[in-house]
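See the structures that follow.
Next come two complexes built around chain A: one with chain B, the other with chain C.
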Partner chain A sequence: MPNIDRREFLKLVGAGGVSVGAGFMLREANKDPREYLIPHVLAPEDFSSGLDTFYNSVCSMCPAGCGISVRTREGRAKKIEGNPAHPVSQGRLCTLGQAGLQALYNPDRLTAPMRRTGEGESASFEEITWEQGLKQVGDRLDLLRAARRGNRVAFLTQGVRGHLAQLFESFMRQLGSPRLLHYDFDHPHTLYAANQQFFGESRLPYYDLANTRLLLSFGADYLNNWISPVHHSLGFGESRQGRADVRGRFVQIEPRMSISGAAADEWIPAKPGTEGILALGLAHHIVAEGNYNGADLGAWTNALADYTPDAVAEQTGVPVNTITRLADSFVDTTPSLAIGGGAAGNHSNGVDTLVAVNALNYLVGNIGQEGGLVLNPEPAGPAVQQHRASYSAMVELAEAARQGEIDILIISGTNPVFTLPPAAEFAEALAQIPLVVSLSSFLDETTALADVILPSHTYLESWGDDFPEPGVGFSVGAVSQPVVSPLYNTRGTGDIILDLARRMGSSSVMPWQNMEEFLKYGWRRIYQRGDSQTLAQGFDAFWTSVLKAGAWGETTNGSTAFTLNPDVIAGIGVAPPEFSGSEEDYPFILHPYLSPNFHDGRGANLPWMQELPDPMTSVVYGSWVEVNPVTAEEMGLSEGDLVDIQSPHGQLRVPVFVYPAIMPNVIAIPIGQGHGEYGRYAKGRGVNPIEILSPLLEPITGNLASSATRVNLTPTGGRVKLVKTGGVSRDLGRDIVQHTSLGVEVSSAADNSIPITEVTT
Partner chain B sequence: MNISIVPALKVLRPAAMLVIVILVGLVLGYWANATFVPGNSPEQPIAFSHKIHAGDNEVPCLYCHTQARRSPSAGVPAVSKCVGCHLEVATEKPQIRLLMSYWENREPIPWIKVHDLPDFVHFTHKRHVLANIECQTCHGPVETMDRITVSSRAVNGSAQVGHPWKMGLCLSCHRENEVVNGIDCLTCHK
Partner chain C sequence: MSLFSRFMDGWRKYRKPGYYDEFDYHWTMTIDLDKCTGCEACVTACQAENNIPVVGEDEMAKGREMQWIRIERYWEGEYPNAKLSFIPMMCQHCDAAPCETVCPVGATYHNQDGLNAQIYNRCIGTRACAVYCPYEVRYFNYYDHEWDSPLEQQLNPDVTVRGKGVMEKCTFCIQRIRQAKDVAKDDDRRRVQDGEMQPACVQTCPTKALVFGDRKDHESQVYKSMNDPRNYRVLDELNTDSSVFYLKKVDA
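And now, the complex of A and B:
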């Protein structure tokens, strides 16, 4: 043992003590951080921690009305999928529907009622209580109603169905106001009008894609945005691969290849607006070849006399042999089906075009046939009148506002400032209305101009129901139930309307305390129509089973018998389309199309949708204009070159994307970007082609002929790099990253068969 | 030249002593903490005794931890569950009064989590309860504890203290009971 002096000893004892303490603390620091187990105060009935709970509801991201099944855990929505029991979606769902979660959890949601303060540039919104907001609106409604001037109230909503539509209707009836408008940019007004003319009912039939063997689509992008894309995609898959011995054939007729065009067996570019003429050319050939033997053959022969293949080929740019070949196979293949819509319906001759498509179905006997066009029965939901507002109805509303005829405008779920061309002067008209009330969940372009914002729940937090139009050959209904508790200080649209009704003294007519109560009242009547077995179980059991299943159907089919009004035949004929702007000054036709990601722009605030590459071009985040390679070469343009696009009504600057599958004299811009408001993800990205559309109308419906604007293209010399997933320039042609996008692949594979350069206008 | 390290050692000896003492001290302190300060037995906001409930009064585990048989997590009973009995039972005890004050304020009791697995382990109570594994196998003799402490009755029967929840505990039991895919990595790490 070495000698240790006192000083040394004390040193060691001190060091030892400190190190023991350090070791102790080292262990202490290494322990897991403290976690807590916070129990509920009261055990909830509807969920257990650690377990998924699924709620069936209805998607509201687009008007298709798909059934959804939402996975929730500990009271939070986690995932949305299609509801397998719902006949429309059958367990599938599109990307926009999947992204509904980001509408719920969006950081830019309106979280409390607000009121505008200040004027003009200094205007801003201040938070108010619900009582303040509802009182401000309710008092003025009550005043107007008491003074019998309720017709000075206008209600503008997105297209709604079911009991919410009925609620809006009775609310406006209490005010005695006829100004209830359902406005959606993409509503197929011309299709309804064409069906009214041809079938005598303003409804959509069921297009039985699943059982058809040949589909001719005149401009309808049925796999992307047209009416019920999820259901059509299911039918498409079934038709292609679901049957052992048959493979359905799909032909797409449109000036710019859409997703449906890329999936088709044959893509035929006809000059924009001549789709109906082409349909009548086919009809002419069918009748001329003696393939139609109906009693009204003479009338048809007369009506179609002018549409000889040669004349039609001249007008549409589609070769004669293509016309006759299509017509022959349309007759020879049964069942076959022709559908029309989309851009083909958005021309000055839109209704006539779609009547012509119906005529084509009639001539080969597709109506009421499996694999053809099945007429739907009356929708099972509550009877509501049609309030569909076309472009001209919106212009009338704006005009009434400018005349000072409107004191209060209530806007719910629609964004006309974004989806109406500036020629409608809607924003200016809003400024003339003393009280604009928005029920939106987001601060979109229209809501930004409102005086009072009463923010509604998203569809995942509120009660509602939907009766999809078209049904699937029989009536379908589904109740939309809240899958999570409301995240913020918002209220359901129906609840707000019922509250306002109470405040204007209508509680005797509309006695329901909330939307849930009203829904149950309405569904009790549906229940009473049921069979004895349904009635025996009682309403509560019926209601629970409807909520559980997420779908309800009435298996009464529409009438299959159809007799054509002879007057219709004489009226058949499609005039050449009109365009706004002269061909000399504006050599190109603008083809605006609904973006697969954003629909009419409503999806632009969802980051998932922003970062999802466009299926045809693979571009993300932003806008582009699609230009044919031949045109691009003539003008010396390549990808990313900024061009100015000028129409008689406006100008946009947007980068070029060279797109092989578009006619040389057509350019296309997707709709959906170019928001000036609508939250951090949407704002200031890309351009909105609606801004340069000319206010050209289809005369019967007043529908905006949105595909009929002529434009010119001026290179600016500027260049940007398009953000896209394919084609990395840094690989210097070595093709290190193998890539393809749908559009380029399909058109290059079909280069030999598609006469892209032959078609001239 | 004759080089010796002895002079150097003589100089270094006090320093070497210091290093040795410090190292021994560190180990001692660490061990003392691990042994005598069971960090895995924290003081809870209410001195709830599993011994009184599960031991003396033989309340079944699943009476309160109702979800263990159908969910990955066993679940902590809602305050209302405690109150359900204690409106009548032992109402005068101070800890019960504390409980009732939470209840009257409609506040949850902030229990401190004792039994915890890392996030990369996928464990589900449901399977184990349905396979009739006793709760005590992993949670130790809870019915004897006034305050919950991590300990397990390991497979060889001897109680372990400290932190017994290592992978070996799972694996030895899975091996012994010949669980199908029981030692597959992806069974627990997925």
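And now, the complex of A and C:
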């Protein structure tokens, strides 16, 4: 510090002050005196916003496997769009797919590996390092493998296709354990089994909605949650108004009107579980009217003898003239298509029902036809169907755990504690397993019971691939690439598995350092299937082109020739559905349905989805039970009245929503809410109807007959205000949604047109 | 200019509020109700694109939701003949907009593209525009909304985050329009081509029910669509001259 006296100091300060002041004045004087009040509506001439980078990847919010294109800016994901080059989504995306960003940036994500400490009430999780976590799991895996007791390891994952599934498979093969289970609540087991029976192949055909002229849907909510909703929606739009001269007609048969039911031209309520009987009633009429002339006519006549329109009308509650009219138009309109699934498949007669729907397609010759049902070729990715775990497979796993046969359970991406009915006693079984490892990105109900949490990346941060099932009549695949760098101290699921494999000494068989390397290894085989032009450019160029396009396809057609095994015809028949509980004690049938917002509950931690009004009721942030208006009036119930819903296996308290399009003896509750964990947005909201489902099974697949629980309904006298956005649900003469009929439309075109205002100078 | 023609000019401007005799572009949307399934993909796409806040359950219960585009539902008939129709509703970008004439500070105005634009930092929050709007598509920020960290990392940098006391509504994704126009201008000052930009809702619509474009381009998809015999405008009797055309649902 130089030696400065007080006078010197004041001089310096003064001079500084003056020069600062002068500088300020100079700057102000040179400034543009205008201030803009309109900042970005009219952006300044030189305003250059940053540049977007788009990455193509695959959506993992539901099992449809849509291609996505993610807009990123400065390393952050901003918006997800459909990838126009992907044959499944064709540039479009559903509401849950749009909300994938909130899974990535969710405030309740698991940020680092954790280990459970303490027991019972005092249990909590402490943060550990990856080395600690992987070592703890890897050492025990290695120990079991060395002792040839690898079969005491079980691996439970959500339904995955593509090379991650193959990785899981080789991992379990190294351990010598058959216990690899792909579990999803909504996996259509009965549909696969029905196709196996009818077509002799256990995969889904391509439903050509775009070119069909008449669609009969038996319970399949194809526009919302059934198999591939975005692709079905594209087909629906195309069929309805995309063609110059034809407008496709859509008929929906289900006990409670779904989104697809609302979109349909005709909604037909049939008694729950009798959809297959109705299909056979149609088939009977087709055969009886002489509209089927195949060589196996005799066999069909015999098989369908009992399903006369009168008998079917009696069983299904659908009037005779509706049955005959539907059957006639199904024959007269070509191409036509019948699909079945959803609640219709989730009954004790689920497989038979869906076989009956296939039979309907067979009788009018829709199989292999454009606008009908096109059989798909073998998918290019690994086969996973044999690992698909039904409800009974999960019960077996729980039983094995209780018997002490399982030492380690690895859980990835699935939440069985939430999506299995309590009758499966899965949570109790988890407590019997010495080491439960969760690879989840969120603290869901299952992960909360884990001993070690090795958190995975979300799908927007990790490598993977997907081969959508069903394809679109040809093989489709896409690579899922990270679009942002990982937010937290998490790792890709594939990378974790490869690391564990190394730790148990399997690096000679599974030599890949990371998932990306393994993917390239797997895609090299797909590359080798290519034509000479593809092969000439080399693998690296092929890989880059697949990443860039975000889609890969192989337009070799599947085997369209189809001959029906005659044994199938003799076996056709749908038994009346079974229900749990007696009709006297439990007068209502519970119809649980997948919420459009939350799917099987996985979307409940996304604030956008919580705040998105349910399409049919406009309710947000909660659960409700849908009751027919007449039933509600008889019981003196109105909107918001709290009722107790009791099944033979549990009880829920939930407010009433009077729903105009549900059968009087059916009540419906959406699945998705009622989480006990799963972050701040999901926890403690609404109810989970899975909690009161009876463990009734479809015998062939062991699939849970989730639509076959009987319940009763008791008013409690309590009342809450249902939070919803919709006000008056009737038009009241305002003519907001206008209708026209097909015939009138063309003739009155002239008076109907609105003069377009042309502003002249 | 003669006194008479000046008077007529003034009279026309008085009768047709807005500041432009001829729009550069005339952005228009058509919505085919025969294709709309009510799936609400458009709603979430809009939330993501336009930094629309999540207001929470309590605010929702007070009817203070924020959704620039929403799905309205109308039931007809009784069980078993009940029918449900959906209609997407957003700012109709009226060329004779009631909200523009009422704003005391000119925060909402008509821009050179026929868009009804909202100037956030001019808005003083009288909410008069929301009262005047017959479509009920203006949303008011009763609070400064917060994004739980790190959700704010998703925010679109091209769109302002609105503060407390400000009215907001659908802009037809004006940021995308601006970008498309900038690109077109740099590219030899050409006009924006049909299909070059789409608002977020149109882009994601799984059934392609929504179509967007410039109605001055008579080759555009939207021009053809708005001249479909099924076309109508909601509450057309109010003479709002809206820029959103609906195509009637077909009963068959």
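Quick notes on this structure:
We adopt the following convention: the second predicted complex is superposed on the first by the 674 of 761 C-alpha atoms of A that agree within 3 Å, B and C clash if a C-alpha of one lies under 4 Å from a C-alpha of the other, contacts with A are read in each partner's own complex, and residues count from 1 in each chain.
The rule is short, and it goes like this: contacts are C-beta pairs under 8 Å (C-beta built on N, C-alpha and C of every residue); 3 or more make two chains touch, one makes a residue touch a chain.
Just so you know, these numbers come straight off a predicted model, no measurement behind them.
In the superposition on chain A, A:Ala77 contacts chain C only, with no contact to chain B. Of the two partner chains placed by the overlay, only chain C lies in contact with A:Ile662; chain B stays clear of it. Once chain A of one complex is fitted onto chain A of the other, the partner contacts of A:Gly50 extend to both chain B and chain C.
Touching more residues of chain A than its counterpart among chain B and chain C is C. Residue overlap on chain A between the chain B contacts of one complex and the chain C contacts of the other covers 37-41, 43, 49-50. By the touch criterion given at the top, residues 2, 4, 8, 11-12, 15-28, 31-32, 34-43, 48-51 of chain A touch chain B in their complex. On the side of chain A, the complex with chain C involves touching residues 37-41, 43, 49-50, 73-74, 76-82, 91-99, 101-102, 104-107, 223-224, 229-230, 233-234, 236-238, 240-242, 247, 249, 257, 259-260, 262-263, 265, 267, 269, 487, 596, 607-613, 615-616, 618, 620-621, 628-630, 660-664, 680, 721, 723, 725-726, 729-731, 734, 736-742, 745-746, 748-749, 752-754, 756-757, 759-761. Every residue of chain B that touches chain A in the complex is listed here, in rising order: 13-14, 17-18, 21-34, 37, 39, 42, 67, 70-73, 75-81, 102-103, 106-113, 116.
Looking at the complex, you find that chain C touches chain A at residues 16, 20-23, 32-35, 37-41, 43-45, 47-49, 54-55, 57, 60-61, 63, 65, 67, 70-80, 82-87, 95, 111, 117-119, 121-122, 148-151, 153-158, 160, 174-175, 178-179, 200, 203-209, 215, 226-227, 229-236, 241, 245-252.
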